[in-house]
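Both complexes shown next keep chain A, but they swap its partner, so chain B is in the first and chain C is in the second.
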Partner chain A sequence: MKKYIFSRVVQGILTVFFIATATFFAMHLVPGDPLMDAKAMTPEIRANLEAKYGLDQPVLVQYSTFMKNMLLGDFGISFTQKNRSVNDIISEHFPVSAVLGVLAILYAALGGILWGALTAKYRNKWPDHVIMVLVILGISVPNFVVAAVSQWATVNLNELAGTSILPVAGWGEFSNMILPAMALGLSTMAYLTRLMRNSMLDVGNSDYIRTAKAKGLKASRIFVQHELRNSVLPLITILGPAIAAITTGGFVVEKIFAIPGLGRYFVQAVQQLDYTVIMGLTVFYGAFLVFMVIAVDVIYGLIDPRIRLAK
Partner chain B sequence: MAKDIVLDVKDLKVEFDTYGGVVKAVRGVDFQVERGKTLGIVGESGCGKSVTMQSIMGLIPMPPGRITSGTAKLDGLELLKVSPEKARSIRGKEIGMIFQDPMSSMNPTMKIGKQIAETLIVHRGYSEEKALNEAKRLLDRTKIPEAHKRASQFPFEFSGGMLQRAIIAMALACKPKLLIADEPTTALDVTIQEQILDLLKELQTEDNMSIIMITHDLGVVARMADQVSVMYAGQVIESGSVDEIFYKSSHPYTIGLRQAMPVNDEQNSTKLIPIEGSPPDLFSPPKACAYYARCPYAMEVCNKQDPSYTMIGETHRAKCWMQDARAPKNDDLHQAHL
Partner chain C sequence: MMEIELNQKQTNSTPRSAPAMSDIKSTSDNLDSFFKPAIKQDESLHGLSRPSLSYWQDAWIRLKKDKKAISSLFLVSFILAFSLLGPLFWTVDPNEQNLNMISQGPSFGSEAIIANREMLGELIVDENIPEEPLEEILPLAATESLEVLGTANTVGVHLKWQAVPGAYNYTIYRNEMEPTSISELGVPLFTTEYANELSYIDSLQLEAIPYWYSIVATDGVDEAMTYTSIQVTPKLAYSLDQARAISNDYKLGDSISIGAHPFGTDQLGRDVMARLMTGGRISFFIGFFAPLLYILFGTLYGGIAGFVGGRVDGWMMRFSDFVVALPFLLFMILSYIAFGAGPGESGIVPMMATMVALLWPATARLVRGQVLQLREEGFTQAAQLLGASSWYILLRHMIPNTIGVILVTLTFAIPSAIFTEAFLSFIGMGVAPPNASWGVMSNEGIATMLNTPHELIFPAIFISLTVLSFNLLGDGLRDALDARMRSRE
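The block that comes next holds the complex of A and B.
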C-alpha cells in the first residue's frame, strides 16, 4: 500500500511538472505581455520594469528561474496587483473556493446516490421517467445558465415571500453557499444519478443479490448491506474527474454569484497576462487535482477490497 | 411403510409475461422429496428446472411471473400461498439454496464470515459475535482449512472450490430441512466437483437433510440421487428411482440423454448420439407431446393427443404413448437399454 501511494505521488509530481512547463511556454506564446495595459508607459519605464521582473531575460532563463522559485514554494509577486504575492492570493481565496467545491461535491454525490437508487427502484414507472428527463436537462444545461436561472427564481421567490429567504449573491453566511453549490454541483449530480441507476440495476440482477434473497434477508437489509456499497463503487471512480469538473466550473459560478474565490483571479490573470499569477494558480490547481485523484484511488481501495490487495 | 415426504409439489404451472407474449415456463410439474434423500432433476437448459425451484422459494418476480396453478407443501405448509414475509422466513431457514457459479454468488465486498453470519442473525436472532463464531465453525465443518483466518477474508481471496464450500456452509447455517442445489458443480473442474459432491453427501447424512439436485450432468445424478425426475419443456416426462431411470429408461428423451452421455470404455466403441433438433417454443407449446418433433419413435397419436403418465413400476412413470398398453411393441426402444 505504501509503495503504491509513493509511486502514485511520484507520478503526480511528474504530472504537475509537465503542466507547469506546458503552461509556461503556452503563456509566453500569447502575444503581448503583463505590462501592455499599464498607463503612461515610456520606453524607459518599460525597460526598467522589464529588468525588475526579469522579462528582459531569454524565455529559457525565465523558465529556469521560475522553476527554481517554485521548488522553494515561491510563486512570485503579481504583476498587476501591487505588492500581492501569489501565495497570498492563494491562501486568502482558495479556502472560499474549496468550501464551495466541497459543498457542491457533497450535494452532487448524495443527490446522485439518492436519485439513482430511487429511479432504479421505480424503474419504468413515473418517478423514473420524470427524474431521467430532469437528468438529461441537468447534464446538458451549462452551469452558468443554471446559476442565472436559479438567481432569477430566487429573486421571484423572495419577492413572493416578501422577505429574503435566500441571498441571491455574496459570500459569508451558509445561506450564501446554498445556491452556488447547487448550481455548481447540478450537472455532476445528474451524471451520477444516471450512473447510480445503471449500477443499481446491474447489481440488482447479480448472482449475489439472488443469494441474499435466497438467504431470506429482509429487503431493507439487502439494500443497505449488499446493493448500496456495490452500486456506489463505479461512482467513486468518476469522483476524481468530477472534482476537476467542479473546480474548473467554479470559475464561472463564482463570478456570477460574486464570490471572492480563486476562480476570479485566475480568469483576470489570464486576461491581463499576469504571468506569475497564471503560473502559480495553474500549478496549484494541477497539484490539487492530482492529489484529489490519488486520494480518490486510495478511498476506492478502502471501499473495494479487491483493489486493495491487487496493488 | 408410508414414505416421509418433506416437499410435495403437485401440478405446478408458472408463466411469464414478456414483450413477445406469455411464456409457459413450467407446465404442470409434480414431484416429491423424501426426508434425508436426494431428488435429482435433470433436463436441458430452459426446460424449467430453475423456475420450478424459484417458485418454491418464492423468488419468482411477480410480475412478470405468475403461478397459475399447483401446490407445494413443505411438511404440510403450503409454500405457494404464504405471505411474502413468511416466505422470507422460510428461505435460508427451512430451505437452503446453493447456486451454479460460486465466484459470482457471494457479495464481493463483504467478508465471508459476515455473509454466513447474516443468515444466523436474521433467522436465529444471534448476536453479531455469536453468529460470527458459528460461521467459523460452519466453515470448519465444510472442511475449509484455517477457517478462523478465512472467515475474515473476501470472496476474491478464495478459489472456486473453497468458495462453493463457503456457500454450502452459508446455505446450511440454519440446518434447513431441504437444500436446493442448482447445478452446484457445473462451474467447477472435475476433481473439485468430486470433493463438493462428497461433502454434500456427508453433510446430508449428518443432518438428515433432503436435497434437490438440479443438473444436466447425468454422472452427478447417478452419484447423488435416490430419485430422479427428467424434465422437458416445462414438464416432468419421466421419474423414478435412479436405477429405474438409468437401467429402465422408458421415455425416448431419457434414452436420448443417456446416449448423449460419454461412456468411459477401453475400446472407445460407444458412439455419442446427440439429440437432434431443439426444444419447442414455450410461447406456444405443442398441444400434444412436446417431444414429438425430435422423437425417433414418434407415432401418429403423439402429434394429436398429449400422453398421460403410465406407471411402469411402483415409483417409475413416464409420459409417453410408447408405454401405453395400446402401443405396438417396439424392440428398438428396448434395445436402447443394452
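The block that comes next holds the complex of A and C.
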C-alpha cells in the first residue's frame, strides 16, 4: 500500500511538472508579446515585469525562472488586472468555488444514493422507470442548459409568487448557493444514481445477503446494514471524475449565476489572454485535480480491503 | 435442442454396451450383431433447424427488438438529415441579419408592409375647437371614440380621438397588457399641449405585438378618472430601401411577404432554423471525426500493447495512465492558445487536436484488455497450435472479436464529443460567432433568455436530444453486440 501511494504521488508530481512545462511552452508558442495587449502599462511597470520574468532572456532561462517561481508558490501578477497577483486571485476566489463544489458533491451524492437505492428497490416497477428516464435526461442535458433553464424557471416562479423565493444570481447567503449547487451537481447525481442502482443489484445477488435473509434478519436491517453500506462503496471510485466534472462545470455555472468563483476568472483570463493568470491557474487547477484523483484512489484502497489485496 | 439430445443418446449408448462386450466375446455367433450396418437416421434431424446467422445479422435482430434503441436511431437519423440535407430545402442564409426581425418568436410566415413616416399622415388639429376650453365641465368624460388612422405598422401608429368637452389636453398611454383599471394604463407616451390636438403618432420602439392604447383627458391640472382604450397590433414594417433590396418593383404601401421562421429569429434577426442546421453540421463534424480519430488511435495503441505484451505493454500502459491524469479542459485551453487562436476566433482545430491527444487512453485500455483476454481463448491458442501467423490471428480472431466493443465505445464517444463542443463553445473557446454551433447558439440565447426563451430552448433541445439518442443507441448496441450479455439470457 505504501509503495502504491508513493508511486502514485510520484506520478502525480510528474504530471503536474508536465502540465507546468506544457503550459509554459504553449504560452511561448503564441505569436506576439504577452505584454502587448495589456492595458494600464507604463514603461516602468513593463520594465519591472520583464525583469521579474526575465522576458529578455533565453527561453530556457525563462523556463527555469518560471519553474522556480512556481515551486516557491509565486504565480506572478495579472497582466490585465492592475496590481493583482495570481495568488490573490486564487486565495480570494477559490474558497467560493470550493464551497460551491462541495455543496454540489454533497447534493449529488445524497441524491444519487437515495434515487439509486429507490430504483433498485423498485426494480422494473414504475419508480424505477421514471427515475431512470430522468437519469438519462440528467446525463444528456448539458450543465449550462440545466443552469440557464433552472434560473429562468426560478425567475418565473418568483414572479408568480410575487416575492423572491430563491435568488437567481449573486453570492453570499446560503440561499444564493442552492440553485447553482443543484445545477452543478445534477449530472453527477444522474451518474451516481445509475452506478448506485447497478451496485445495489449486484450486492442484492451476493451470498452474504442470502445468508442474512436465511438467518432471519429483518428486511430493514438487511437493507441498511448490508445492502446500502456495501453498495455505497463503489461510488467512491466516481468521486475523482466527479470532482473534475464539477470543477469544469463550475466555469459555466459561475458565469451564469454571476458567482465570483475561480472558474469565472479562469474563463475571463482565457478570453482576455491574461497570460500569467492562465499559467498560474492552469498549474493550480492541474495540481488540484491530479492530487484529488490520487487522494480518492488511495482513500478507496484504504476503505475497501478487497482493492488493497488486489493491488 | 434436438441435436444435443441426439448426441447425448449416442454417447450414452457406448458405455452401456461396453460391459456387454466381455460377455459376448465367448459366444461368437452373437458377434456379428455388432457389425450390422447402422440404421440410417433421418438426415434432417442432424441439420440445422434455422439458417445460421452472422454476428452482425444476429446483432441487428437484437437491436431491432430494442424499441428505445430503434427510436433513437430514427431520431439521430432525423437530426442528421435535418442538419445535412436541411439547407438544401431551407435556403435561408444563416448569417443574414435582419434588424427588423430581432428575437421574433417562431412563426410560419407573415406579411410586412412597406411604410415610412410620411404615410402615417399629418397630425390633426381641429381649428373649430379653441386651444383652451371656454367653460369648465367637471367631471370630464372619456372620449367617445378612439381609432387608428391608416394601417398601424411598426414605423408608427396614428391614433385619433374625438374631443372631450371641457378638456384642456390629453395624455396617451401604452401598455402590453389589457388595462383593467386606470392604474394599469402603462407608459405615458405623450401629453398634448392644447385642447384642439386630436391625434398622435406613436413611434416608440414598436414591435409587431398587440398593444393597448388608452387616452385620458385632463382638466389642465389633474387627469380625469375615465379612459378609453383600444387594442392595436401594428404590422411589421419594412422601409422602402429594405424592400428595394429584395426587389426593385416594390413601392410604398405594398405588402411584402416575409419568410417563415419556424424556430424564430435570434437577437440579430438571423433565422434560428438555418443556424441550427449549419450549427448541427459543425457539431456533428466534431462529434463524428474527433471520436473516430481518437478511438482509431486508442485501438491501435491498445491492440499493439496487448498483442506484444511484456515490458512494452507495461511501458505503454504507464504512458496511457499518465495521459489520463492530464486535465482535459486545461489542455484544451492551452492548445487553443498555442494554436494562436485569439479571443473570439474559432477553435475547431485545437478542439479536435486536444480530443485526439487526450481522450484515447480509455479505448486503448479497453482494447488491450480484450486482446489480452482473447489471447488466452481456446480458439486463438488452437490457431497458434495449427501454425497460424500473428497476422492471421490478428485479422481473423482479434479484430472481429473486438469490433463490437469498439463500436459501442464510438457510440458513447459521439455524444460526449458533441457535449464537449457545446461546452467549449459556450465558454467561448470552441466555435466562435458569427459561425453557428449549438453551443454558441445556447450561449447567445442565455443572454436573452428571460424575454425570448426560444433562442436558448431550441439549440438546447437539439443538443439534448442528440446526446440522449446517442446514449440510448449506445445502450442498445452494447446489449446487442456484447457476447457476454447474450449468454445471460
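The working rule: the second predicted complex is superposed on the first by the 266 of 311 C-alpha atoms of A that agree within 3 Å, B and C clash if a C-alpha of one lies under 4 Å from a C-alpha of the other, contacts with A are read in each partner's own complex, and residues count from 1 in each chain.
The definition used in the following text is that a contact is a pair of C-beta atoms (placed from the backbone, for glycine too) under 8 Å apart; a residue touches a chain by one contact, two chains touch by 3 or more.
The structure presented is a predicted model; accordingly, all values stated were derived computationally and were not measured.
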> Touch check for A:245: first (chain B), second (chain C), both, or neither?
Replying inline: neither
> Of chain B and chain C, which one touches more residues of chain A?
Replying inline: C
> Touching A:144 in the superposition: chain B (first), chain C (second), both, neither?
Replying inline: second
>> Quick check for you: in the superposed arrangement, does A:214 touch first (chain B), second (chain C), both or neither?
In response: first
> Once the shared chain is lined up, is A:304 touching chain B (first), chain C (second), both, or neither of them?
Replying inline: first
>> Quick one: is A:206 in contact with chain B, with chain C, with both, or with neither? Answer first, second, both or neither.
In response: first
> Given the touch rule stated above, what does A:229 touch, chain B (first), chain C (second), both, or neither?
Replying inline: first
>> Is A:26 touching anything from chain B or chain C once the two structures are fitted on A? First, second, both or neither.
In response: second
> What part of chain A is shared between its chain B contacts and its chain C contacts?
Replying inline: none
> What residues on chain A touch chain C, complex-wise?
Replying inline: 11-12, 14-15, 18-19, 22-23, 25-27, 29-31, 136-137, 139-145, 148-149, 151-152, 155, 244, 248, 251-252, 255-256, 267, 270-273, 278, 282, 285-286, 289-290, 293
> Can you list the chain C residues touching chain A in their complex?
Replying inline: 321-322, 325-331, 333-338, 340, 342-343, 415, 419, 422-423, 426-429, 439, 442-443, 445-446, 449-450, 453, 456, 460, 463-465, 467-468, 471-472
>> Going by the contact rule set out above, which residues of chain B touch chain A in the complex?
In response: 57, 59, 88-93, 96-97, 99, 101, 104-110, 118-119, 122-123, 154, 156-157, 167, 170-171
> Can you name the residues of chain A that touch chain B in the complex?
Replying inline: 206-208, 210-218, 221, 225-226, 229-230, 233, 303-306, 309
